[in-house]
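Quick one: the structure is below, questions incoming.
Residue numbering begins at 1 within each chain, and the chains themselves are lettered A, B and C in the order written.
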Amino acid sequence: MNKGSGVGMGNLIRSEAQRVFKRKRTWAVAIVYIVFVLLECLFLTMMNTSFYDAEHSVALNSLNTAPFLLRELAILMNFVVIPMLAADSFGGDVSSGALRLALIRPISRGKLFLVKWLVLGMLVGGLTLFTWAAGTVFAGIAMPPASETTLMGAGAVGRMGALGFSLGFYGVALCVFLALIGVGGVVARLVPNPVLAYIGILAVIVGGLYVSDALVFLLSVSDSIFHFLGRTGGSDASLGWILCALLAGCAIIGTLGWQRREWNQ
Amino acid sequence: MKTAGKSIDEKKGFGAAFAPDRTAADRERPVRRSGGGVGFGRLLTAEWRKLWKRRSAKLMALAGPLTGLVSVKYLLSQNAALDPGLPEYATAGSVPVLALAEMLVTVFSGMMLVLAGLTVTEEYRGGQLRMGMLRAVSLGRIMAAKWVACLLFMLIQLGTYFVCTAAAGRALFPNPESYPLFYGAGRVSYGEGLLYDLRYYALAALALGVLLTVFFWLAAVGRSSTVTLGLGIGFLLVSYMLPTLLSYFRPLFGTEEYVRIYFLSLVTIEWEGIAAMLADLHGLRLWNLGVLAGYGLLFGLMTVWTWKRRDTFE
Amino acid sequence: MENMQDKRAGRVVIPQTEHPLVEIGNVTKKVRRRTLLKDVSFNVEQGEICGLLGPNGAGKTTLIRVMTGLIRPDSGDVFIGGSSVVRQRENAAAHIGAIVESPIFFPYMTGRDNLENLALLHPNLPDRKARRKRVNEVLEIVRMDKRADEKVKTYSLGMKQRLGIAQALLGDPELLILDEPANGLDPMGIRELRELILRLKHEFGKTVLVSSHLLDELQKICDRIVVIREGERVFAGSREEMIGRHAGLEEAFVEMMTT
């Protein structure tokens, strides 16, 4: 027996991924989200207009549409998809006792936390990538063609510039989603009951507003990212470092929390 | 619901309703329909106590007055920027309503969802309900008892919220001779205002009761408590987004038509519809009541049907 | 410390070691001023079946949670194969296979899926081939190979218990900790379980710690019995020692529980 050598991250990830992806619920959530992506595409063709924020509307064309899909979809992501997945993964598995069979094995529990985060991140990342791809393809087909467009903060850009902007936009969005998953992990560490964990995550999103305006990005994801990328100043200027701090904070609290906690469930 | 309120037995705690050894008095009672030898009152007592045993229920009960404080603080800060002639300007009489409008859609609706998720889905999926079912109490009756218990919880919450905000209003806010109501419903004195507040709270309770019914159905079909919550939040989001979407098509409708469609959503009724009902704007009083009744009946019947089916198949 | 022999080399031979496989030393655990375990100490030797006996709520599961590193003792320590559960949990865990309370699987996966999933978490099963082979072996040991490809939610309680033992065997540990494994089993199931535990000892050289609140269950298979009551160890010794001056085991147990 090679007791000392421990289990590689690869196997930990595969084990967790099996548990997540063999669950019908995971697929149901993903399919519902994808349906909403398609509905959103339909909605944008009908409107031909969207908003950077409450004050700034913008006419959509084949180049600038992709980021605007997230305006409504990010709410679905932050209020339904992520809280549900995170409450189930960090809270439900623990409080049902099913995770106990993994916890008694010779693996690091801190790593187990990170792996859970990573696997949910891959799922949410896949959905984010799909949103970006659907938005880009769909805009090319159904929106008024343009060879140049103006984007908040980026000025006039061509095809490549617009593509780069949308990739950057979705990249930051993914970081916001990852941070929220991490928040879910920390909340579920405090209240493993999945119902309360779910509500706790929502409370962090809404309650963040009362703490500081700089936390508004969990609520209005796309507006904040536009402000951040457009360098319009204001409370969203700090988005970058707050995201980093949030990711690092959740990683540290979660890992230490899982290493040190008592598993009474 | 065949209630037998007289049989609420204070001395017997939770579990007594399910206890197999029935007392002599129980045995004398005729056995009721649907095989339940247990009166509805006792089921309700059992559910009520079970609800309060939860730490989360106690926390929620505390959250009520606490959110009241938060919104009172918010109203104080808002007043500084508002013209005292506006109905939005908080006075001693209007604080209870303004503070509730703040929290009705979010906190109180959220509480209904948590109650439904915790008491129905979690117990049903966790198997605790089997204990009751084994003792030949029909699932439908247990659900009815749970629904009434949650409703009572909500009424108490609203009551506490009213008392707290009314007291804070009296203590911290100006109390003018009279102040205007929403939607031009006239000016009222402090006393008349409190009556208005009570009517507002009654309608809010009605709307929350209907919402609770919707959530009970979602809890019945939800495969797990997180699914129930996801569906519930989804329902609230859609109820919020559809009226917003409708506003893009505002020019296509006449005013009467538009407001009627607008108030087809439970969230908009909670948000703006109650004040509009009290002012009877565009005949909305009857319309909104109709919408509430429609939701209540539809989801109530679907819930009953779902549990009836479960009774026979599981 | 690393003086355990490779079991694969000689399965039936019980290795002779200087230290007992399990050393439980002065373990105390309190939760909110309630003492769940009070200064509990005993050892389990290589190759023996040790029964942990006590009424419901005596602290058996708490002790097993401490032994498997799910909770930490307030004071004292548990050494498994020479490794401290408190300070070197992963090393200690490599020696253990366990059922803690009832085994809860992921119900939406098949029995085999669950085992293959958990097999990924064992350092001594590095590749897919080794994992497949081990899963088949343990399924055969507990005689679950025929139903292994059905979803766990269709299993009876007895089958879940057997699958529970199968998952405990996955890493080929020296020590098996079985928490009330007979709970919910019918008399036939209990007999099969008893035979399985004896087979694990004789055929595979396992050391077994099995807890129960029923004396009957333990006395037929255990080499040694540890009795705990209200979190305290009231007896540790062989079956014969327990009977001692009493008329029988039953009387001895009743006396321990009442005085």
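One rule holds in what follows: a residue touches a chain if its C-beta (ideal position, glycine included) is under 8 Å from a C-beta of that chain, and two chains touch if they have at least 3 such contacts.
Model, not experiment: these values are computed from the prediction.
Shared contacts of subunit A and subunit B, meaning chains that touch the two of them, come down to nothing at all. Chain nearest the geometric middle of the protein is A, using mean C-alpha positions. With chains reduced to the mean position of their C-alpha atoms, the one farthest from subunit A is C.
Rounded to whole angstrom units, the spacing between the C-alpha centres of subunit A and subunit B is 31.
Each chain gets a centre from the mean of its Cα atoms; for subunit B and subunit C, those two points are 49 Å apart. Averaged C-alpha coordinates give centres for subunit A and subunit C that are 41 Å from one another. Against subunit C, the residues of subunit A that register as touching in their complex are 1-7, 11-12, 14-15, 18-19, 22-24, 96-98, 100-108, 262-264.
Put simply, subunit B touches subunit A in their complex at residues 56, 70, 106, 110, 114, 117-118, 122, 223-227, 229-230, 233-234, 237, 241, 245, 248. Across the interface of their complex, subunit B is touched by residues 25, 29, 43, 47, 72, 75-76, 79-80, 83-84, 87-88, 92, 193-196, 198-199, 202, 206, 210 of subunit A. Against subunit A, the residues of subunit C that register as touching in their complex are 2, 4, 6-7, 65, 68-72, 90-91, 93-96, 98, 100-106, 108-109, 113, 116-118, 120-124, 167, 171-172.
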